[in-house]
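Look for subunit A in each of the two complexes below; its partner is subunit B in the first and subunit C in the second.
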Partner chain A sequence: MDVFFSSYGFLLAMVVQQALLGLSVYYPLLAGQLSLASIGFYSLGGYVAAIMGTHPALAALRESLGFWMFPLEWLCALVLSIILGLAVGLPVLRLRGIYLALATIAFAQVVNVTVLNMPIAGGAVGIFAIPQAFDSRLAYLFFFGPLLVLALAVAFRLERIGPGRVILSIREDELAAAAMGVPTTYYKVLPFVWGCALAGVTGAMSAPFLNTWNARQGTFDASVACLAYVLIGGARSPWGPVFGAALLVSLPEVLRPLRDSRMILNGVVLVLACVYLPRGIVGAFSSLSRRMRGVKEAAS
Partner chain B sequence: MRRTLFAVLCLLLAVPALAEPVKSPIPIGIAVAQTSNVALFGEEQVNGAKIAEKYFNGQGGVNGTPIVLVFQDTAGDEAGAVNAFQNLINRDNVVAIVGPTLSQQAFAADPLADKAGVPVVGPSNTAKGIPQIGPFVGRISAPMTQVAPHSVSEALRINPKIKKVAVLYAQNDAFSSSETTTFQQAVKDLGLEIATLQKFQTTDTDFTTQVTAVLGEDVGLVIISGLAADSGNLVKQLRQLGYQGLIVGGNGLNSPNMFPVCGALCEGIMVAQAYSSSTVDANPVNKAFVEAFTAAYKKAPAQFSAQSFTAVQVVVEALRKAEKDSGKKITAMDLAAARAELNKALRTGSYLTPVGEISITPEGEVDQKSFYVSKVKMNSDGKTGEFVLVTQ
Partner chain C sequence: MTPAWFIQSLLNGLSIGSVYAVFALGYTLVFSILGIINFAHGAVFTLGAYLTYALAVGSFGLNGLLAGVSLPFTLPFFPALLLGGFLAGLAGMAVERLAFRPLRRRGADALLALVSSLGVALILVNLIQYLAGAEIYAFPADVFGGLPPAVIFRVAGKPVAVRTAQIILFAVSLIMLAGLMWAISRTRAGKALRAVAENTDTAALLGINVNLFILGTFFLSGVLGGMAGTLIGTSYGISGPYFGVAYGLKGLAVIVLGGLGSIPGAVLGGLVIGLGEAFLPADMSSWKEAVPFVLLFAVLLIRPQGLLGERMEQKV
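This part shows the complex of A and B:
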């Protein structure tokens, strides 16, 4: 058990961390908006935490705050993400479909190029020797865990309350929703900003978790990975991104004993999941359980 | 559920690590990128390390005990490096880790090994700040700031009349834009003047603007930091438009991939290298390495292979030294003690390796005695060529 946690502690925490990123893509999808901007906010949040954790000018503040420095970093990342999320979301969400996706990819690229050229962000090497909150990687679950619970709770609650239903109505048919008098821009920006904020705070928590932060955290590959968590896991339930992240993050590690062939098997599993589980893992489970219930009811 | 998790966590922190003996053969971890887009380098490192394993076991390993290399793929990202390190430290119980491939990965994974008391030898981490991560972190790859200036001083030796220099770099490439600052510093340190500083993109194919600016300044030396394809085109257009002075290239031009681009006009480009496969006459270890490598892979070894061989060699020789110093077999030691002894031994004495004589300072930084400046020599077909050693 000891060996299990010491070798897989990082992986367990990372599953939760990536699930949060998956959820940050899931929120805008609730309103039918495909946004790949999350990774840009994740990268920004990480830089906020990395700079606040290492910049010599803030040494006195760190000294006096101690552990409370970490929540302060999250707060700064949160505020920055919300402001930037609004600034990006308001004009960009006037676009639809593929154009929206392209604009959000462009945003992530802009963030990447900007930080690469900012001396304070350490250039290509990035920022390293970020102060640690915990010794064990597994203990970072104390950061990511509560945030995941909060994000899931909000997602489930949204399905039951008025504003949530309005958001879902935009996903089903934006024109019809607008015809019913729904201010669609407002209800599209809302989940978008909430997703941005979630990604930003996750980034701020991740900088100490990874020990280092650089522009490679915010690449296009990473944003595609986040989207894949949602698509493989299932885009119709908040559990989707969580299961998707758990599968996609842990699979290469679980297959590690296979050495060179592990990436081949990893790819095969993904292809099979895409072909046979078009509604994701969670979608497949729910239709399976519905069928079982149907069988039971038919029997009684 | 969360209460159980908390209980497990507390238990985890409370249970001290049990004393574990060192396995025989002695396991040495190799954590490099065997997949992802960094695998191009990682594969070369794997090849070099495998040659080292065979070579040193042929010599009797560590005073009679054989070694075994345990490979764990880091892929190209930080998380992959951390996972590979955790596996090597906790499951494979290695005495030391050679890796990871990228400096950025080292900043993520090395602190964990340092905390666990496992010596790390970086085979290709050249960024500033790597040895300072902790007392268990060291490297055998000389930082860029040490290697690059050698080509500039060599150019000055060939043509002492050089006064003005043109510096060009690929603005959108991370390595190039940081390498150029090293070059610019070297130029200033040698008392030369940077007449013009030109930027380009790695995707550019037309360099008329930059070349015109260079030709207008009557410079005696052009320094280029870029990737193989764009730099090849730049060199070609420089020569075609009449530049006749010396050309020094950065690490991106240290690649035969450039030859088909500038063809016969590549002739004479100078690059500084941390390793040269043509030092076989003066260096018996390099001779054995080059012979074994060429026999196994049908090509001459490149810098990444030589450096991973060197990293394994340094660990093996330090293990021998640790046995001698403590008077105890490594396999008779407790794993934690063996790791600590090894880390101490790594930082004492010097090693004759394929990259020349090196030693590791107490801080963990490499002290490499000689660097190599090579010059491109093209064959008569104008498409193939090679790097010929100018000097050490």
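This part shows the complex of A and C:
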């Protein structure tokens, strides 16, 4: 077991971290809004933590706060993500469907070029030697774990309470919801900003975890991966992004013996999953269990 | 702002913008028929560049499975461009068969087509890397035969240089754009294609083989993407298997700027973005990659239907 954790600890923490990013895409999808902006907020949150953790001007503050510096970094990333999320979300969420997705792709690209042009963010090289919170990678589960529990709890609770049902009604039919008097923009911005905040804090936790931070954290491929977690795992249950991340993050590791051709197989898995698991892993499981229960009831 | 700088930027912008237009039309054709964006278009763009390189140069780099392999023949540039485009068109058809048709048959969520087309893109890009390696490929300087590398003339005493590659980019793009517009507006097949784009069910009832036209659209889209990839590759070099990702995203900015599904819109959008990049002052050149996306963002906020797009009515 010790060997398992020492060799796969990083992978385990990585799964939880990517599941958080998947959930940040899942929230706006609750209101039927496909946003690929998460990765931009993740990248920004990481830069906030990396700069606060390494900038010489803040050395005295780090000295006096000690470990509490990390929560302060999360807080700064959170506040920045919420402000920026509102600024981007309010105009952009008037757009529908593919336009929204394209606008958020554009946002993430602009963030990328902007950080590359800011001297404080270290240019193309990025920021490295970010102070570590723990000695082992696995211990970062103390950061990511509680955040995942919180994010899942909010997602499950939302299905039960009023505002959550209003959000779901927008996904089912935005026009009908608006006709019923729902302020749709407000209820679209709410899950969007919550997703942005989650991505920003995840980024702030990830900068120490990954030790270095650069513009490659915010690429288009990475944002697509987040969407893939949700769709492959199942977009109708909060467990979807978790299962999706577990499968897609560990897949390249499992396929490692295949070396160079493993990424080709990764693509094959994506295509097959879209065709054969249109409702994701969770959807496939729930219809399977329903069928088994049906068989049992028929037998009794 | 000297007149020479103005003329130089204008020529640079028109040349690259016309290729953006050709590439973006590949997105537009598929979008106007299926209402879906084909995210594998950037990978087909890359594939086209590699295929033409292989046909024109005949040998591969030092890494990858094909290292040291050389073709028994090489083609002059223009036949290689056409054959490379044709093969990229076949790849476009493969994308439709693998990523789009299975989902359409099952009536799946449109979002899934986004992921499945990205899956196919992942397969294509990594297949290229597996076969040809991750290195940079540059077309040899004499790829156009005996033509001089550049034409230089003077404007108000200052030299303006137009590279031969840029002239070829512009000329080939114009021919392709004109040919495509003629085919869509004047031929019988073009008429049927417009009918399918208007309404697939009605078109099917009128006896049009819808699946065949969708496959044909993907072929055309692949040809446009592959030839655009080759043109950019000859001018700027092929920077590796991920060469198409940045252009793929830029192409999205082009079609949104012009108006999704609008053919003149894609042409206008390509030229606007090409000129926008070219006229960026030299001291801001590190922001060049942001130009298409800032324009995209701005147009979505001010005029979401794009410059030439029609406002879509909301139906209940």
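As a working rule, the second predicted complex is superposed on the first by the 295 of 300 C-alpha atoms of A that agree within 3 Å, B and C clash if a C-alpha of one lies under 4 Å from a C-alpha of the other, contacts with A are read in each partner's own complex, and residues count from 1 in each chain.
In the analysis below, contacts are C-beta pairs under 8 Å (C-beta built on N, C-alpha and C of every residue); 3 or more make two chains touch, one makes a residue touch a chain.
Values in this document were obtained by computation on a predicted structure and should not be read as measured data.
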item	value
Clash or fit, subunit B versus subunit C on superposed subunit A	clash
Subunit B versus subunit C as contact partner of A:Leu116, first or second or both or neither	both
Which superposed partner A:Leu102 touches (first subunit B, second subunit C, both, neither)	second
Which of subunit B and subunit C A:Arg216 touches, first, second, both or neither	first
First, second, both or neither for A:Leu255, with subunit B first and subunit C second	neither
Touching partner for A:Gly126 - first (subunit B), second (subunit C), both, neither	first
First (subunit B), second (subunit C), both or neither touched by A:Leu138	first
Which superposed partner A:Leu227 touches (first subunit B, second subunit C, both, neither)	second
Which superposed partner A:Leu152 touches (first subunit B, second subunit C, both, neither)	neither
Which superposed partner A:Leu168 touches (first subunit B, second subunit C, both, neither)	neither
Interface residues of subunit A shared between complexes with subunit B and subunit C	116, 260, 263
Residues of subunit B that touch subunit A when the two form their complex	2, 5, 8-9, 12-13, 15, 17, 34-35, 71-73, 75, 77-79, 82-83, 86-87, 89-91, 103-104, 107-109, 111-112, 115, 127-129, 132-133, 174-175, 177-178
Footprint of subunit B on subunit A - complex, ascending	1-3, 5-11, 14, 116, 123-126, 128-129, 132, 135-139, 141, 145, 210-212, 214-217, 252-253, 256, 259-260, 262-263
Subunit C contact footprint on subunit A (complex, rising order)	34, 91-92, 94-95, 98-99, 101-103, 105-107, 109-110, 113-114, 116-117, 175, 220-221, 224, 227-228, 231-232, 235, 260-261, 263-264, 266-271, 274-275, 278
Complex contacts: residues of subunit C adjacent to subunit A	37, 39, 98-99, 102-103, 106, 108-109, 111-116, 118-123, 126-127, 129-130, 245, 249, 252-253, 256, 260, 286-287, 289-290, 293-294, 296-297, 300-301, 304, 314, 316
